[in-house]
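One structure, as structure tokens, below. Some questions next.
In order of appearance the chains are A, B, C and D, and numbering begins at 1 in each one.
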Amino acid sequence: MKHNDMELMICLASRYLEDNSIVVVGTGAPCAAAMLAQRVYSPRLMIMFEAGGIGPLLPSMPISVGDSRTFYRALAASSMPEVMETCQRGLVDYTFLGGAQIDQYGNINSTMIGTDYKKPKVRLPGSGGANDLASLCWKTMMITPQDPKRFTEKIDFITSPGYLTGPGAREEAGLPPGSGPYKVITNLCVIGFDEETRRMKVESTHPGIEKEKIIENTGFELLWDDNLTISDPPSDEELRCLREEVDPYKYIIGRA
Amino acid sequence: MKHNDMELMICLASRYLEDNSIVVVGTGAPCAAAMLAQRVYSPRLMIMFEAGGIGPLLPSMPISVGDSRTFYRALAASSMPEVMETCQRGLVDYTFLGGAQIDQYGNINSTMIGTDYKKPKVRLPGSGGANDLASLCWKTMMITPQDPKRFTEKIDFITSPGYLTGPGAREEAGLPPGSGPYKVITNLCVIGFDEETRRMKVESTHPGIEKEKIIENTGFELLWDDNLTISDPPSDEELRCLREEVDPYKYIIGRA
Amino acid sequence: MDNFTKFNEERQVIYKPAGTGKIFTDPDADKAREYFRDQKPRKMVEKVSSVDRVVKDLVNDGDYIGIGGFGANRTPVAVLHEIVRQKKKNLGLAGHTATHDFQILVAGNCINRCDVAYIVGLEARGLSRIARQAVESGAVELCELTNAALTWRYKAAAMGLSFLPVRCMLGTDTEKYSNAVEMECPFTGAKYLAVPALYPDVGIIHVHRADVYGNCQIDGIMIADHDLARAAKRLIITTEQFVPNEYIRRDPTRTVIPYYLVDAVIEVPFGGYPGNMAYEYFSDEEHLREWLLAEKDPGTFKEFLQRHIYGVKDFNGYLETIGGLSRLQELRILENLIEK
Amino acid sequence: MDNFTKFNEERQVIYKPAGTGKIFTDPDADKAREYFRDQKPRKMVEKVSSVDRVVKDLVNDGDYIGIGGFGANRTPVAVLHEIVRQKKKNLGLAGHTATHDFQILVAGNCINRCDVAYIVGLEARGLSRIARQAVESGAVELCELTNAALTWRYKAAAMGLSFLPVRCMLGTDTEKYSNAVEMECPFTGAKYLAVPALYPDVGIIHVHRADVYGNCQIDGIMIADHDLARAAKRLIITTEQFVPNEYIRRDPTRTVIPYYLVDAVIEVPFGGYPGNMAYEYFSDEEHLREWLLAEKDPGTFKEFLQRHIYGVKDFNGYLETIGGLSRLQELRILENLIEK
């Protein structure tokens, strides 16, 4: 089946969410990926929202991470401290973040574009819960289109921690050992992080995407996995489920 | 009307609980005093229990500070941290404590009798919530029989803080300024605390009780109020209410 | 018997300010205690008021405010509109997922400082132009934080403390523009950030039901409101409906805000509109979109505010401008006929 | 704009151990995180078990345990009896208002260390002779604390921290025999005690209702159980009754313990007997008095334990020894026909 970039990214992301694990998601593509995972791969994936919703039977895509859909027929309607403390206690396996810029260590900027904090060129929303989730969940994922302005050598503001300046830096900063960026899923490829250098390493390129195109769209030097593969394209089952069940009104997949 | 010592102490104590204030009480005499105050003097006195009960319509005397009576038709059935944090935040006006020993500064021992902590002559329950309430509520009261073993120069263990070693000692220890012992109501007299020395000062002696008897029954030197008075004996209304409404089965007032 | 301690001796450690952000409110727990002792209404009396009266009496120019709910979910919109109508100035704001609430206060030029976790955006709905302008121009002074850090700052205050240790923000620029202090654990030596307790001058929370004394119930997620209600020096409650005190006493497990925390309570049906009120009505996405669009042109936006806020007497007047009961019924259906 | 800070510069401060009490459990938050990641059952599967099985599988000699409820209110008595029957040894205990629960474990010689807030007494019912003996003989090693300190130690763990600052215990002998550390606030310089996070090996909580996955509801006061459930490495739930998962989902606001905290769940009707279970049954004061009296003579007490604990197969067997359903119905009436 044909698909657009957004559908591609959501389908690929959904495959990384193991069954019987817990994921904190926001609205949009991450939520779609988690809902798709529940339907296709991981029926017992537990979805949490940072405002307090725990394990809802999502009737449709939430508009806000605090709207009533996020705790519709949920296991618990709790609170923001409850969810954040569950993350801090080490019970949350995955989270998804977005941002305007990301560097080779997976540090993310969602605060501002510009060089002067007091007079930014563009002010963005800020951390929200992103810094907390990137600090406290075990594995941080990102779904994002890839271009050189977004994938940049030096981001203007580190809102949320990736591997900071490299190996050992998270631990030195006081962040919980063993946590950190896990996968970045773009419209061009799937990127992991090198164990040794903590730098981005391309694991698979999407069908029809040349290495050169990925390099052109990245503002820093990428590592390449020795076993570089071609990403498995979305299956018919994934696409059908995504289109018919997860996002029938194309709120998310219509954006691409 | 005739009355016993327990009735006397409860009636006198009830008069110190101002209307529209909050008191945390345990079971027994303090709870009776608070219930009596509600009925005679301070209809809007709010009673809390440290296990979480807030503003119950007490149907009878609780047996435990955590039993279901403590939140019967209550305003809230909360938790122990909720009540303790309400105290720590400075919202609780009064509390009542008991203990095996008390010194001139109102320090209370409910932990052990003896000189060796590891091999006590008698092990008592310990702080429970007493230290917390004495530390965090504004005014601490005590209802206790008076004898020289109980009112002693040096108590074996400071479980709960009175004025510690005297003026400024609470503040120096880090306890909230402005808090501390308020009244001690015994079978012989009503005792306050001298503003300057923070030592016990007798404010009124009960009808028929000589100064000498009080001195004999106290193991340290007492101060005496310049305006020493005779305690107002329990009124008929107080006694009627105590006997008929507060403690009809004489659980508490039968103990004297 | 094991003793799980790394440090048996007295030792010196370093406390190091981690960021350049200001502490906009006094974290001193003893001063808060005194305030609560002297000013908190422990008298269980009727506290029913009106929106214009509470904003006159309880919100002063320069106050720092904390808003319940989550941006456009269970947000006390009626009080926010009234703050704009009464032209309150120089307010401080706890901006934890401040979306439509932030937008309203910026539209009225009411705020000049903000603890930021999330501002200028409306989640999936996009960014607010006027909110961005207010921040980019420097008109609003910021201290950078996170949702968890802000919620824990409320919690520190709710616990009667002056700080709490947290494990977020570490190592980032968010930390560098925060007001946190680097410290370490007394038992393990682990690195922490301490965040200062946040005792707002005014808390404003919209609830599902309350009695006339201010005992409140909330259905669904609490967000940070349990702690905000306890941290706030003054607390304004708007409620979808009043219930008898007997209703509260029938199920005391459900009481999340007891009366002695509350300074005033006002019944405001649909008081969270155009936001979502769980189990009551869904958000009015059309109206929120209209607002975002209107912001693009100053003239249009002035008219928009005139029509919906300045030109109406009260919140019911506002509800008339958006279609009144018919529109509200559509939103009730959207919220509850979810299986259709 | 004001900046409410007393300290703009890096500075040295002193951390000073305040007491001689041991830390019986590891407060290290990173180690707890690893445990929770690797061992906590995030799989939402049926966890129904039996009391003897969970005590065999989840309670090991030497474990440190935390008991829900409040001494003789909503106490998980069935599991405690089984611990005695299975002769578990060298347990540690969080003794926050440990009354009948402490008495049971001491009767079985199960514990050798205890964080004390309140022990050896049964509130207004008097002191337990065997509990006093166990403590006075030195058979149980103590660390002195308070109810608030213990509940905040659970809360530190529930928050995923290794410590919390508190304002109790300061200046007393309770402090001198505690495991707290004197420290100061990074923002105000105010003196605090830090208490170490308490992550018990096993938490045991009795609830009103739970589904087969372990999602739980509790009616009435929570005491410290919200935090204990989150702090415990392994968590055993006994419930008055099972309810369908659908029942839980119908009112998610009421869920206080979600399934992923729970290792096993067992239906034990009257499981809090002889304690009080709010809205279900009152405490059996006669039986508790009989227990206290029996303690006065070693022979009598041995027989008493044989009759009620060692000589019965399970908790239903125990309930038969105290009068079975007829007695239990009396206690239900005592609890609920309160206006009579």
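Keep this in mind: contacts are C-beta pairs under 8 Å (C-beta built on N, C-alpha and C of every residue); 3 or more make two chains touch, one makes a residue touch a chain.
Small disclaimer: the values here were computed from a predicted structure and weren't measured.
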item	value
Chain whose mean Cα position lies farthest from subunit B	A
Gap in Å, rounded to a whole number, between the CA centres of subunit D and subunit C	35
Intercentroid distance (Cα basis), subunit D paired with subunit B, Å	28
Whole-Å gap between the CA centroids of subunit A and subunit B	58
Two or more partner chains touched - positions in subunit D	29-30, 160-161, 167, 190, 192, 219-220, 252-253
Junction residues of subunit B - those touching two or more other chains	71, 77-78, 81, 87-88, 136, 176
Chain-level touch network, classified as line, ring, star, complete or other	other
Pairwise chain contacts under the document criterion	A-C, A-D, B-C, B-D, C-D
Subunit A-facing residues of subunit D, complex	29-30, 32-37, 40, 42-45, 157-161, 215, 230, 248-250, 252-253, 255, 258-260
Of all residues in subunit A, those that touch subunit D in their complex	20-22, 44, 46, 54-55, 57, 71, 73-78, 81, 85-91, 93, 136, 138, 176-178
List of subunit D residues in touch with subunit C within their complex	1-5, 7-17, 22-30, 112-113, 141, 160-165, 167, 179, 181, 183, 185-188, 190, 192, 194, 196, 218-220, 252-254
Of subunit A, residues touching subunit C in the complex	26-28, 50-53, 59-60, 63-68, 70-72, 77-81, 84, 87-88, 107, 111, 117-132, 135-136, 157-161, 164, 169-170, 172-176, 251
Interfacial residue positions of subunit D with respect to subunit B in the complex	69-74, 95-97, 99, 116-121, 123-125, 127, 132, 135-136, 138, 144-149, 151-152, 155, 166-174, 177, 182, 190-193, 219-227, 276, 278-279, 282-283, 285, 335, 338-339
